[in-house]
Amino acid sequence: MTVHIEDAPPRVPGPDPSTAGLPPPRPRRPRSARWLPYLLLAPAVLALAAVLGYALVRNLVISFQEFGRRQLISRTTEWTGLDNYRAVLENERFWDAAVRTFVFMAANVLVIMILGTLIGLLLNALGTKMRLLLSISLVAAWAMPVIASTTVFQWLFDQQFGVANWVMRSLGFSGYEQHNWFGSGTSTLAIVTVLIVWASVPFVALNLYAGLTTVSGEIWEAARMDGASDWRVFWSILVPIMRPFFLITTFLEIIWVFKAFTQIYAMNEGGPDRQSETLPVMAYMEGMGQNQYGAAAAISVLTLIILLVAMSFYFWLIFKQEKEES
Amino acid sequence: MKRKLIAAVGVTALTAALAACGDDGSGGDGGDADSITVWLMDGSAPEPWVDELTAAFEEEHDVQVNVEIQQWDGIQDRLTTALSEDGTVDVLELGNTQTVGYANTGGLADLSDLADEPWSENMLASAEVDGTLYAVPWYGANRVVIYDQSVWADAGAEVPTTRDEWVEALELIDENTEAQPIYLPGQSYYVMGGFVADEGGAFAVEDGEEWAGSLATPEGEAGMEFYRTLQSFSEAPADIDEAEPQQSVDIVPNQEIGSWIGLGWEAAGAIAAIEEAGGEADFGYFPVPGKTADQLGNVFLGGSNLAVSERAGNPDLAMEFLRLATSQEYAQKFVDANGDGVVPNRTDVTAEPEPGSFAEAMVASADVGFLPPLTTGWANVETEPNPIKELMTKALNGDDYQTAAEEADAEITTRINRE
Amino acid sequence: MRKVMLNGTALVLVVLFLFPVYWMFSTSFKSNTDVLSKDPVFFFTPSFDHYSTATGVDLFWTYVGNSFIVTIGAVLLALGVALMASYAIARMRFRGRRGMVIAVMMAQMAPWEILIIVVYLNARDLEMLNSIGTLTLVYFVMALPFTIWTLRGFIAAVPKELEESAMIDGCTRTQAFFRVIFPLLAPGLMATSLFGFISAWNEYAMVLVLNKAPDAATLPLWLTQFQTNFGNDWGATMAASSMFTIPVLILFILLQRRVTGGLSAGAVKG
């Protein structure tokens, strides 16, 4: 199935009129030389292998080593077998972080998809001027670099000079004289969630809206004539049409939220007391923070395996769609 | 090996294609024979002193000195990796609590040639491992109590000579003025360490071959208890340290603060910020009081050392630079440039603080300066998340001290025994 | 009534989404006392002091130059390489095609922040540190999987017959690609280049350890300079953040329509 999108490549009308009168020659089948696809793929494969592949291999290698500051500086190698893995798997913090990562990811993706869909629908329903205004503010939020937006959010939620405390005070809530928004892991992650949702919703909303504009108005009219409720229209018309969109967008959001690092790390360095540590943050803290690069490598290998297993269902879904299309 | 080679060829080929995009490899100037690279931390050295020193050195040796001021953000990663690179840095500044850890990685050059200089005995400890010198002391600094003289006068409080008098003074300020008697964030762990040292305790003790955290002790608890007493006079949150928000420029100039505990550059920064805002600082200074009048409180002897990278591009010149920078002449100039506000690194250099100055109060307690355990692993303990800071927050929030301290000790023990 | 409610909701959303952006810009024009005030200051006389602090940093223009070179270099490389790869994946049948699709999807999941130290080790051992070229190469590979994936969707969306009819007219396959497919890919190219641009433009953790020589540093390193142990200069940080955001913002507003349409086209046709 294919959704036709406004800005998608338009179909170009048939063959050039000047040749129309002539009998069509037999199409010259592309002489797909056997090596051509490989040649075309070579630069990409080479680049991925040289930078990413090599890094992953090295990461795997040092996960079997005692690799700390001394080994890094003096460039020595000390093999320790599975010690790093054993230590990580026995570490309660690893499992806490794993659970936290998934809860955090699920919550974020859910909120992003729901809010994004609602705002996308809202865009579709608004008048031109209001739509333009909302689109621009969405784009502004989307365009803001992560470093900049994280800094601004830290500042907004600053204990002493933050706007958030001022707003709460102005609204008449007590206890916000110097409320510490980063006082617990849950509260820290909640603010990170606000930040990530704020920055990710525009992607979903604007794309959904772009998709909606291509759904023919007649479909809506017809549905309304039949007396279908908004809810019905959404579930029985929109969702099926936009299924591939939801599938891919959710997939991307899962990956992006799972990998979210800067937002969590810069906000409170996984604190307080490591209570906002997700797996990528934990790996970074062990590696760059504690100079336990071997242990950090083990954590990242395990993280990747967990992610692959978790995403395998998704891979399968996308693969199935792929097959249907081809 | 083969795979490595293939990958290497691939990467090289690709970069060759990219060469047009930028000035490859122009950085890391250290490899040149006619230049050395010096890393100093942001805010460490007064600029005129650095300029004079580098000019003199360039004149004498006909080389170029690149002084690169390092930002604190991410410095550990940069230091660690820089020491593993050939010729990235020749001379570098290291915190005195970090030096031993780096010395053991093999990243610092042996500086035994400089061992005979009259270094301050107190500071030398942080630069030596098993009798070998891996860095030379540069300067020391410790904290004093900085107070607002007018607030204290209004409250009728007097400069204390004991802990009890200190608390009484804070009570008077609390009762008689609107000011916050003391600004003390919950995680100022070196201040707390001083109180623990007053009791005869320490962050960690040697336990046979190994080290072990020692905060779950009566000394640790008593030290923390006094910290809690002081902190109860402060509105500062329990889960921040003095650096974020920076007490000297973010807090003191903007709030009415009766007193705070800080370093020389912090006092100077606060004065500058107050003056910039059109006010006038009215600071007095006194050393942290001890339990009795005849014994000042212990304070952490902070400071920096200078070292030479083992992989320096030009070790001989680096050594010469170090020799000049810490020579009697330039050490004295350094102290002068800092308004006598640092503890000198050599016994033949003198700081003569003016009466009533920060430096006077600081020098008074320099003799009761304490250092954390100088082991290779201590630097690991100090990296975030710092178990001592977490313990302090928990204790201030009313968690059971013993339980929290045992957890902290376990973490300290794990980390301090790592390389 | 319905209209009022919709517009009301939209207005609230506009405020929510714009506020952080507005706050960044407005803070950058405030004096220090207004920045550090317990109750936020909304009306003030603008000052450009923070901008002169931010741009007055040594080597500022070198950072600007490096950032643009690295970012644009990475984006162009990614587009070129991805165009070839995605054409092969979308249009050709060959052994290993599926594996390639999976590899691209998995590459997209790579957690780069965790791999910093190994990327560093590799670069160090190959003596490729402190190089704008290395940085460009790394950023290019970071952007590559997403670019391939998205462009593949676009190429697949171009009807095969178009190409074939061009070849009937005597074009070679290459000519057909450049005359027929390439022009139709414009939205896709813009969408993906924007993504590559942002990821390279923002990257901080990698350049922090890879390029220690000041003349090989980029703007994100400059951005964090104003938050130090000696106090955070929030005004200068916000001024720097504002300047840092502007190129991205301009690019976004210019490309917005094409990008959003483009991405969903690419994604939907996945």
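Order of writing sets the chain letters: A, B and C. Residues in each chain are counted from 1.
Throughout what follows, contacts are C-beta pairs under 8 Å (C-beta built on N, C-alpha and C of every residue); 3 or more make two chains touch, one makes a residue touch a chain.
Keep in mind the model is a prediction, meaning the values are calculated, not measured.
> Out of A-B and A-C, which chain pair has the most contact pairs?
By the number of C-beta pairs in contact, the winner is A-C.
> If I average the CA coordinates per chain, which chain comes out farthest from chain A?
Checked the centroid distances; the maximum from chain A is B.
> Distance from the CA centroid of chain A to that of chain B, rounded to the nearest Å?
It comes to 40 Å between the two C-alpha centres.
> Nearest whole angstrom, what separates the Cα centre of chain A from the Cα centre of chain C?
The answer is 14 Å.
> Going through chain B residue by residue, note those that touch at least 2 other chains and give them in order.
Touching at least two other chains: 7, 11, 14, 77, 81, 84, 245, 250.
> Could you list the positions in chain A whose residues touch two or more of the other chains?
Only 47, 50-51, 54, 72, 160, 288 qualify.
> Two-or-more-chain contact residues of chain C, please, as numbers and ranges.
In chain C, residues 36, 122, 137, 205, 224, 227 touch at least two other chains, as defined above.
> With touch defined as at the start, can you tell me which chain C residues reach chain B in the complex?
Interface residues on chain C, with respect to chain B: 32-33, 36, 66, 69-70, 73, 77, 120, 122, 124, 126-137, 205, 208-209, 211-216, 221, 224-225, 227-232.
> Considering only the defined contacts, which chain A positions touch chain B in the complex?
Residues 46-47, 49-51, 53-54, 57, 68-70, 72-75, 158-160, 178, 180, 182-183, 269-274, 285, 288-292 of chain A touch chain B in their complex.
> Can you list the chain B residues touching chain C in their complex?
Its residues touching chain C are 7-8, 11-12, 14-15, 18-19, 21-29, 42-43, 68, 71-74, 77-78, 81-82, 84-85, 88-89, 243-246, 248-250, 254, 265, 269, 273, 276-277.
> Residues of chain C touching chain A in their complex?
3, 6-7, 9-11, 13-14, 16-18, 20-21, 23-24, 27, 35-40, 80-82, 84-85, 87-89, 92-94, 97, 100-103, 105-111, 113-119, 121-122, 137-138, 140-141, 144-145, 148, 154, 156-159, 162, 164-165, 167-169, 173, 180, 184-185, 187, 198, 201-202, 204-205, 220, 223-224, 227, 234, 237-238, 241-242, 244-245, 248-249, 251-253, 256-258, 260-265, 267-270
> Using the touch definition from the top, list the residues of chain A that touch chain C in their complex.
2-3, 5-12, 14-16, 19, 24-25, 27-28, 30-32, 34, 36-38, 40-41, 43-45, 47-48, 50-52, 54-56, 58-59, 62, 72, 119, 122, 125-127, 130-131, 133-149, 151-153, 155-156, 160-161, 163, 166, 198, 202-203, 206-211, 242, 244-245, 247-249, 252, 255, 258-259, 261-262, 265, 280, 283-284, 287-288, 293, 296-297, 299-300, 303-304, 307-308, 311, 315, 318, 321-322, 325
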